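In the two complexes that follow, chain A is the common piece, with chain B as its partner first and chain C second.
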Partner chain A sequence: MSAFDRPRFLRVFVAVFFVFLFAPIALVILFSFNSSRSLQQFDGFSMRWYETFFESESLRDSLIASIEIALVTMLIATVLGTMLAYGLVRARTRWSDTANVLMLVPLVTPEIVAGASALLLFTQVGLELSLTTIIVAHITFSISYVTVVVRARLAALGRQVEDASMDLGATRWQTFRLVTLPALWPAIIAAGLLCFALSFDDFVLSFFTTGESPQPLPVRIWTEIRFGVRPTINAIGSFMLVISILSIGLALLLPRLLGRRESGLKVLLGREAA
Partner chain B sequence: MNENRFATAFLVPGGLWLLVLFVVPVCLVLALSFGYTDDLGEAIYSTRLDNYERLVDPDYLPVLFRSVGFALAAVVLCLLIGYPVAYYIAVFGGRWKNVLIALVVLPFFVNYLIRTYAWIAMLGDDGLVNGVLDSSIRFINTPWAVIGGLVYGFLAFMILPIYAALDRMDPALIEAGKDLYGSPWETFRHVTWPHTFQGVLAGSVLVFLPAVGDFVAASLLGGPEEVMVGNLIQQQFQASDNWPFGAALTIAMMAFLLIWMSLYLRAAARETKEARA
Partner chain C sequence: MTSAIRFEGVTKTFGDYEAVKELDLEIQKGEFFSLLGPSGCGKTTTLRMVAGFELPTTGHIHLEGEPVEAVPPYKRNVNTVFQSYALFEHLSVADNVAFGLKRRKVAKEEIRTRVGEALELVELAGREKAKPAELSGGQKQRVALARALVNHPAVLLLDEPLGALDLKLRKQMQVELKGIQREVGITFLYVTHDQEEALAMSDRIAVMEEGEIRQCGSPEEIYEKPAGPFVAGFIGVSNLLPGENGGQISVRPEKIWLGSLEPGMSSLQGTVVERVYVGTTTQVIVELDSGVRLVALEQNTASARADDRWEIGERVTLGWHPEHARELQ
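So, the complex of A and B:
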């Protein structure tokens, strides 16, 4: 029980907030099934905009490119970010505190700065813009997310279990592989899926580092929107939402399915109990 | 093997990656900001200050001020909307807490472009609202449309840290405030607000930083009068192809944002220290 009564205006305020939060998204989803081009009037259910989306070869290529980028980003960023987290928490050097803070910088740097500087680097070393350049830019920005999530879990874990393993004669590497890593799995998986969702949805970094074709889906959406409101965008947007929700849903549920009691939300927010 | 050396080895791949692909590129941008473009449009590194002088040009200075103004307005609105919502969920959410906070986060996994586009579909000159009302109210291409787009885009960054701070707070403190005859308002002002101020600060910075650098909201929801620094940077690197000037704009923006970033990083440093202690 809370100390004060639930003020009614606060309840109304929160209700109105949720309506405004979801109304535009609901509109996009609803009108993705509209049988006419109109965005003002719903003329009946149809799948025609989804058909337009999937029948267009170049849009299909873009979808595949987006998924490919997100998958590779997820894999590499998760490995690098997890290693970084382990090093940051367990290594004690003069620079530990500084490094722990500096690795947050990519998280708070506006994406346009990252995009422009990545573009400049690629041009300077003569790398042709392609899916690879997008992936490299995405990884750079995903590492920090992984590190933050995994680091919180590792700090909460304490070192007693690792010490016990060493006392029982395991080497450092065995301890890492057989004790530390299994305990970190929920956080690693959650962080990886978060990276997937972020990379799949990313527009700014991709926009600066994309080649001619295939371009990832968000870049295509940008081009389409500049031509005005088009019903196909509703279908693309709704479909992307499904993929994002799947990956975030997995990020929230998998830790539980792995037999841990804490919720995935807490793992992602890095606030679970030890 | 010594534990320290074993753990330090883990820092190498990620650290190198960030050094080569984050630190080096930003340094390149800094170096190019003193350069110029030659007659062929080629970007040349140099030691000129021309690009920075151009920043105070009456063509560009208002854009810089506008970006900060729009971003500040977005921060204030996010706080006014986000605090009550975070408060309600943390204090009155009960067993729905996790569901409600997940609902707050959910829309932010709809692509940012699609979310912005949804507002055009709704409020555009021939959008849903004008269609239903049979009116021709001008919502889009106004400063408030851009600020609204920024608020809708980054609101979760405000709500999450405030919610985390409220959630960490001991409810007994509010109880104590009430027992000591504090009114709800007094209790809020003297107990709840100070306890959540760090969260408010973190949220404000997390909204402000991406809002200043944003170019999507201004491109899609604003007209020529609502151009922000992000739009200028994007134009220099793409359409107008003046990379040195784009680099100077980027560096100027980053320098300004570093003040705010350091505020946030200092708070984060304190937290990691506490966590490790």
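So, the complex of A and C:
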């Protein structure tokens, strides 16, 4: 037996993996509290870069724009994605298989292609680039994420439960409202918050489809960096990280808080509830 | 007696596949009626057409005398117990059982009484607040049963309801189901592929194969007088022998005598080739001089002695009373 078979080696490997994964992030957070402008040397704790961030009106506008985009994307993509999932799982046509594969295309399309094609479309149609165009672009790719998560849940739920509901006197709509939707909630919430996180930190699509002002935060940061890296970036980055972690954390926790036995992690990974 | 369900030339096709062919059948009120057959024989499709989940391609189904083709599932006076239970996981046991009554806007007070009675009937009183995930398989099936029975349907449809339970629990539930049916007096239409289950519970059985009914009758009739080779083979064990005019003769193993015969019995010679001990009986497999193999049963009763039994290689005379041999075409 070689040393490589031993769990100890694997433990070290996992530890190193996490160090490489989190060390750069930890550095960004640390230097966001640096009292000096230095990006190499920590000179003491201060909140000055956060103050600069929140005092800048244009940065604040960008933050608000990003949150707005993420919220609207989340709401619309969740509704549309759930409807798509329902249709894909429950419709019995010879096109179902094709549709089930085609809906994965946005997940594998390079973002550059998606962004460029969205820009091309908006210009052709004569739509002026604004927050709306970003939202439309974000919804387009978010729908697929919602559909994948909700579809797995719906397939696990099975058809018999809905049959049972109609058998007991519930109409189609009552069945959806009283039986299907309650069973899907954990998946829908998890998928929605995932959309929020993805939309909130998306750069490529936003870059292609954004108007002049306000620009979403990631695009704004990129613009800033072109004129030299300033420590404010660390503060903005740390702040965005917190929002992303919060939304993913909620996605994992909310199903539990709603009194479900399964965790959001299982729902997101598409695992069947026990 | 009046009819609960009547099928009139009902055919159901899925694409090119004929699941049910020209079904004519009448089920009486208060009957425990089983549709029995191997998977793919059309029994579940037949049940789903009564529930309203599938529509007949041609023909008519009458529920209590009324045609129901145009009636959606949620307006039919039938309820279903599914094999997978199909409980609503997010609702408590009591809310699961109350689901149907609430849809029909029954008064709150009455709902509470009836839910209590239904849970009492299936011996689940006290578990009202439990969620389905906290229950065992047997308990879940009881909830599913209560949830259907509480609506007092004209017909209760049961789709292999005991299929997911282990053997011991299944035997116990068979007895209970039969008792509950007798108590509530509701017509049961029971779908199963388990011949023992059908024989044990049913008033009448329809044996189905390839979308058609091969025989319909009481358990005794089906077992003792199988109408054809399929029924004889599917229900219990049958010995099939070539008959005189090209047909086949079927004799049940327990009807075959070994050794000393009575006058008037048909008699054949053979050699014991195998003994299979199965507890209460031992199967003795005899090869006739014609090469056909038959199964006979030896009872392992208190009077049976270990040194007095048929051993492999022994010559044996066997026979049966003529009335126990059934000619099949």
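Some points to look at:
As a convention for this text, the second predicted complex is superposed on the first by the 267 of 274 C-alpha atoms of A that agree within 3 Å, B and C clash if a C-alpha of one lies under 4 Å from a C-alpha of the other, contacts with A are read in each partner's own complex, and residues count from 1 in each chain.
Going forward, a contact is a pair of C-beta atoms (placed from the backbone, for glycine too) under 8 Å apart; a residue touches a chain by one contact, two chains touch by 3 or more.
All values derive from a computational prediction rather than experimental measurement.
When the two structures are aligned on the shared chain, A:Y86 is found in touch with chain B, with no touch to chain C.
Looking at the shared chain after the overlay, A:I67 reaches neither chain B nor chain C. Shared-chain residue A:I112: touches chain B; no touch with chain C.
After overlaying the two complexes on the shared chain, residue contacts for A:L75 are found with neither chain B nor chain C. Applying the stated contact rule after C-alpha superposition, one finds that A:L253 touches neither chain B nor chain C. In the superposed model, A:L129 lies in contact with neither chain B nor chain C.
For chain A, the partner that touches more of its residues is B, with chain B and chain C as the two candidates. With both structures placed on the common chain, the touch criterion links A:M240 to chain B but leaves chain C unconnected.
Within the superposed three-chain model, A:A23 lies in touch with chain B and out of touch with chain C [touch as defined at top]. Within the complex, the chain B residues that touch chain A are 1, 3-4, 6-15, 17-18, 21-22, 24-26, 28-29, 32, 81, 84-85, 87-89, 91-92, 98, 101-104, 106-107, 109-115, 117-122, 124, 126-128, 131-132, 152, 155, 160, 164, 171, 174-175, 177-178, 184, 187, 205-206, 209-210, 212-216, 220, 230, 233-234, 237, 243, 246-247, 250, 253-254, 257, 261, 264-265, 268-269, 272-273, 275-276.
Residues 51-53, 72-75, 78-80, 82, 84, 86-90, 99-100, 103-104, 133, 147-148, 151 of chain C are the ones touching chain A in the complex. Residues of chain A that touch chain B in their complex: 2-4, 6-7, 10-11, 13-14, 17-18, 21-25, 27-28, 31, 39-41, 80-81, 83-84, 86-93, 97, 99-101, 103-106, 108-114, 116-121, 124, 136-137, 139-140, 143, 147, 152, 155, 172-173, 176, 197, 201, 203-204, 208, 218, 221-222, 225, 229, 233-234, 236-237, 240-241, 244-245, 248, 252, 263, 265, 269, 271. By the touch criterion given at the top, residues 158, 160-161, 163-171, 174, 178-179, 182-183, 260-261, 273-274 of chain A touch chain C in their complex.
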